[in-house]
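Note that chain A is present in both complexes that follow, paired respectively with chain B and with chain C.
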Partner chain A sequence: MVAYVLRRLLHTIPIVLVGSFITFVMVSASGDPLGDLKAKQPPVSQAILDAEAHRMRLDQPVLERYWHWLTGILSGDWGPSVKKIDIGAEIWPRLLVSVRLVVLAVLLALLLALVIGVVSAVKRYSAVDYLFTFVGFLLLSMPAFWFAILLKQQAINVNQATGTTLVYTVGDASIPPPTGFWPTVLDVLGHIVLPTIVLAMTSFAPWSRFVRSSMIEVQQSDYVRLARAKGLKRRTVLVRHALRTALVPLTTVVALDLAVLFSGAVITETVFQWRGMGSFLLTSVRDKDIYAVMAWLLLVSVIVVFFNLVADLLYAVLDRRIRLG
Partner chain B sequence: MVDLGQTTAVPSADGEVSVATPRWRLVVGRFLRHRLATASLVVFVLLVLLAFVGGALWHYQYDVFTPDNSHPPSAKHPFGTDATGYDLLAQVLRGTQRSIEIALFVAAVSGVFGSVWGAVAGLHGGKVDTLMMRIADLVLIFPAIAVAAVLANNVGATDQGWLLIGLVLAALTWPYVARLVRGLVLSLREREFIAAARTFGAGSWRIIFRHVLPNAMGTIIVAVTIIVAVAILAETALSFIGFGVRPPDTSLGLLVSQNQTAVSTRPWLFYFPGLFIVVIALSINFIGDGLRDAFDNTRSRSRR
Partner chain C sequence: MHSMNRRKISGVVAAALVLSACSGGAPEGGDTGNQVRGEANTVNAGTAKQGGTITYVLERNILDWNPLGADIGVATQLVADVYDPGAFTTLPDLKTIELNKDLLVSAEQTGTSPQTLVYKINPKAVWNDGTPITVADFDYVWRASNPKACPKCEPASTMGYDGISSLVGTDDGRTVTVTFDKPFGDWKSLFGPILPAHVAKKLGDDGTPEGLAKSFNDGFRYKDSFPDWSGGPYIFKSWTTNQAATLVPNPKWWGKPATLDSLVFRVITDTTQEVPALQNNEVQIINPDPQVDLLRNVQALGDVKYQLVSGLRKQMILPNLNNPAMQDPALRKALYTAFDVNQTIGKTVGQFSSDAKPLRNRIYVPQQPEYKDNLGTLGTGDVEKAKKILTDAGYKVDGGKLVDPKGAPVPALTMRYIQNNQILQTVCQLFSDTAKQLGVTIDVQTTDSIGATVTHQAGKDFDLFAMGWIGQTFVASQYSQAFMTKAGLNFGGYSSPVVDDLLTKALGATDESKAAEYLNGVDAQLTEDAYILPLYQVPDLLAYKANLVNVRANGTYYGPPYNGGEWGIAG
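Showing the complex of A and B:
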């Protein structure tokens, strides 16, 4: 098992490297980082432009720039920024804020997917099943930003009607943050409720459809029929036999959707004006801050690849039939 | 079976015997039995007509403002007007037109490219297959919105911007089609008619285009339909964050973005463009569901 894990880990490294190289070339070709500076009126002197180009490593060929950037990260240097920010210092707290949202949303979406999927499978072709199917399709067709603004507006209405702030509608935490451990936790929770709901509601529908169809398939299998035949309770068979089997492929489905969830988080954070990875990405792309964009893409792709690896390993642990060879 | 338009009941050259009813008629019949999907198809066709024909007939233009500022919906302006005086119906119709154009373009490009990619990978197998699918997987580890924002940052403002946005989105969605088609081809290539075609001396490309892809058509059509819905949502999201369609042109996502602050004061500005996105995406998703049932001849009972 240890050897298998190590081998799989080694396999992911070239994927991340190739991915980072392609995106590096793509981002470098997407625009001139000094475009804004060059367009300035009155014009900036050539000496300053040359110095900036040198600072941004634009005087190096792309291959050399990539190598410089990659080796720099190993020593904690994320590269120069057009806006002269420290990319490393800026991105880590933001990553924490966004990962917090994505993790909570995945948990909520999984809960919804399991409950709705199992209920639809057990009561299939009933009114409940059709209702859940329709709601699933509706949420699948719902633009996250529109849903987020709707929910935000409803929350503002409720807050105004009750004269209190039940849930916060702007930001990821209060500024300045409250003092003490529990007030901070409550503050963060109050801010994260609405974005989590938006992200979970707009992502769970394909998962619940998946749970439903695999539950239906499993229920018709011989060993589930045997378990029922030998007199086990319906609920026991459902949870212990059927759901366990249906859960295994779900891990892969969820891991594959992780990149999509980060896309959703960017949109959701924009609506709720978070200082997370979303606004970092959008301002960096606008400013053509290539190393900042690269830091974003590298971190998120490493997270996605890592969790796909974890899902594969979980798959092997949950389903012993998968050969580790 | 191989040729979708085939109507006679003779065995085709590859040894597959056609059933008495031509396949396309079976598929259409099964699709029409799916009432929700049929209704959705009608809604979608009406929306397309409304956007492309209605937009041209409507007496206000999306980029010419009227003297009426911030009018709520009325007979004169069914969807109301915004603060500058633009007629929202004209803008929504124009946005619907743009969004549908982009989505259909994305689906066509990623459908064709993904199908060929998946078919080549699946048919060749071995190292070629591994390499090709690794490349496809590589695209999927990056959040689409980030890559699309980077790529579309410069192109959105140009005249042909919508085509380039379509290309960007197609570049990010083709791996889904490629994976599906490859999986199907892996099982198809073991079948006798492929082996028969090989013994007749058919080359790889002939086998792919004449034998593999026609048999994968059902799966491809369903996948492409779903991609239309995905592309509508992706394009509107991209326009919402400011990297998609730019003014003076307009798109449904851009309209929601421009009007998001008006949600409590002039709600019609916010609700109409959003509702159009939902209705378009929902109808396409239902059409996809109906097509999936219609093409699925392994399932004896249809859902209704």
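Showing the complex of A and C:
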């Protein structure tokens, strides 16, 4: 297992290198990072423009810039920012914000997807199945931003009806923050509940469909029929035999979705004004902040590789027939 | 080339090219029952009770806290309004430039040859640590903004400061006498704001140009930090980047005491999230670009009042004279004459602001006494007149295409606007439709970077640009940068000896009426040369909780927080 993990990690190095070089060239060619500075009013002097171009390494060939960036990363230097931010200091807290936003949502979505997917599969073509199918497709087809706005409005209505601000619509905490333990806890919960629901619902819908279809397929397999024929309890057959196998394809989907979510739930972060990875990417692209965009891309590629590896390892745990070596 | 003083041009700094993100939509008809109207400088005046917190929305994060620095953004100034004092403030009526009576007892021009100013500082004026505000603070701003004293300093503007020959303090430094070797008409724009010299010393100002530059460029920028000083009604308590600045009353403030427990400036970068936050009482004041739907939502809120005023932000159509196709004044004049600005307003901002009217002057707005209609036939929608202009200049229409006097077809022109701006998209489309009647094809395209598009470096890829512009009350300084040959804001590459001469005279005019005469002369000459078509003033929306007092719209660069120290909750 350890050898497998190491080999997989070694395989990812050339992939990340090639990918990062291609993206570096593409991002570098996407526009002039100094465009806004050149239009600054009163106009900045040519000396300042030259100094900025030098600071941003724009006076170097792209290959040299890439090399400097790559070697800088190894020593913890993420490169110069157009907006003169410390990219390293900026991106880690943002990753934490995204993680905080995502973890609860994913747990909630997984729980719902498993329960509803299994019930739908077991009660196939029943009223319950049709209801869950309808809800699933409704959530699948509903744009996240629209759902978020609807949810916000309902939350505001609840607040106004109760005369108390129970749920908040922007940010991850009140400013100034409340004092005391319980007010702080309630404040945090009040801020996290809406984005969690939005993220959970948008993820739960496709996941529950995966669970349903996998469960239906597995239920029709020979070994499940054999288990039933042997007289095993229905619950045991479902949980120990069918669900375990049905979880394998879901693992892949969730692992890849997790990578996307950790890289920034852009819409949810925008609607609820959370300063996570998604808004970092948006800001960096808007500012044509090459190294900030590259930092995001590098981190995301590492996250994708990591979760792919996690998915592979989970296969072995969920399906004993799979041997990693 | 001289740079402009920050206060004069600061509206253009960073935001010079800010375009309104308005959207076209349903016709006006929302409930205007909660709209506040009244005298611009006193509307919503009231008595505030002690206590409470008000949260004001900033639409941009702040990366540089130096309100005089080259990197300043609009948000920096909005916060600086409440902690960093300046000599003068422009009031919401857009014409009154009021002395800051908390900081100064008086500021007068006592001589014109040489031009001499005398500032008398309020004897009570101190920084938050008790250090008196003196000539040293004025001297620091002068040194940092004067390229001769600090070649490496990066101020937003040096204009006016570079003409000062001496700055002397008397009366224990409480009287500041400034003498110029080059007259400067917009002198009221100077020292707005000042910076604490004793803090500058801690930030690196050791009397050398290098130390001065270090304190100004890096020190007052407060990267990853925030200013820990104040000479205004509030002082910083905390700042979290991308989140919010919290300010509390300055205990050493000598003026009328602030009533709030805290004043929060919260960063919300998505305009559409501002109204729900206001409705949910998470913020109490928003100042978004108005859109039909957004305004309707504000109108539907029961406990919210709003103002919709015409400020100094303008929309205009800029021609690029660097491109050969736009170099003939006759073609420009015909295009601008055929374009119906009034009709365009009806299909754009007029849908949510009945006060929107065609702007008939590039320099002044109707609220200012110097405003006069200098546009002649431009913007009138007179297509026949436009055709005659072209015919008289030797143009012909062949097969529906305009052919220039040399017999070459007029090429298709590229007209740009900033992406996602539906209002300007409509403007461009209407302009294109009008041009078609003259046989001119206009290809409407977007840009994601106004700066990159209009920059003075190579690669100007537009013939016409529908863009926004934040005007200033210190117009000579601002528009000399816009219209003087090869000046910084001269994005269209315009050059006229007549205009250069008039602007030079306006800049040096110590008589305000004379300066206005010169500047209206500039505007008239621009009409003659058909350079830039002004469209309208962008409506400025301010919405706030109904229980707030002394909150009012200010369509200048100072913004609504110009009187933030007076904000409070109705008693």
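Throughout what follows, the second predicted complex is superposed on the first by the 300 of 325 C-alpha atoms of A that agree within 3 Å, B and C clash if a C-alpha of one lies under 4 Å from a C-alpha of the other, contacts with A are read in each partner's own complex, and residues count from 1 in each chain.
Heads up, the rule we're going with is that a residue touches a chain if its C-beta (ideal position, glycine included) is under 8 Å from a C-beta of that chain, and two chains touch if they have at least 3 such contacts.
In this text the structure is predicted, and so the values were computed from the model without any measurement.
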Open item on the list: Following the superposition defined at the top, how do chain B and chain C come out on chain A, clash or fit?
Closed with: clash
Open item on the list: With both complexes overlaid on chain A, does A:G31 touch chain B (first), chain C (second), both or neither?
Closed with: both
- [ ] Based on the superposed arrangement, let me know which partner A:V293 touches: chain B (first), chain C (second), both, or neither?
- [x] first
Open item on the list: Let me test your reading of the model: by the given contact rule, A:V266 touches which partner, first (chain B), second (chain C), both or neither?
Closed with: first
Open item on the list: Is A:P176 touching anything from chain B or chain C once the two structures are fitted on A? First, second, both or neither.
Closed with: second
TODO: Scan A:Q153 for contacts with chain B and chain C and give back first, second, both or neither.
DONE: both
- [ ] Please indicate which partner A:R275 is in contact with in the superposed arrangement: first for chain B, second for chain C, both, or neither.
- [x] second
TODO: Could you tell me if A:K83 is touching chain B, chain C, both of them or neither one (first, second, both, neither)?
DONE: second
- [ ] Would you sort A:T162 into first (chain B), second (chain C), both or neither based on which partner it touches?
- [x] neither
TODO: Quick one: classify A:S141 as touching chain B (first), chain C (second), both or neither.
DONE: first
- [ ] Considering only the stretches 21-29, 489-497 or 561-569 of chain C, report the one that runs into chain B.
- [x] 21-29
Open item on the list: Quick check on my understanding: which residues of chain A belong to both its chain B contact set and its chain C contact set?
Closed with: 31, 149, 153, 156, 270-271, 286, 288
Task: Interface residues, chain A side, partner chain C - complex - done: 31-32, 35-44, 48, 83-86, 89, 149, 152-153, 155-156, 159, 165, 168-171, 174-176, 270-273, 275, 279, 283, 286, 288
- [ ] Over in the complex, which chain C residues touch chain A? Could you list them?
- [x] 1, 3-4, 9, 12-14, 16-17, 53, 55, 61, 63, 70, 154, 156-159, 223-224, 237, 240, 242-244, 246, 262, 264, 266-270, 273, 276-277, 279-283, 448-452, 454-457, 481, 488-489, 491
Task: chain A-touching residues of chain B, taken from the complex the two chains share - done: 134, 137-138, 140-147, 149-151, 153-154, 229, 233, 236-237, 240-243, 253, 256-257, 260, 263-264, 270, 274, 277-278, 281-282, 284-286, 289, 303
Task: Footprint of chain B on chain A - complex, ascending - done: 15, 18-19, 22-23, 26-27, 30-31, 125, 137-138, 140-146, 149-150, 153, 156-157, 256, 259-260, 262-263, 266-267, 270-271, 281-282, 285-286, 288, 293, 296-297, 300-301, 304-305, 308
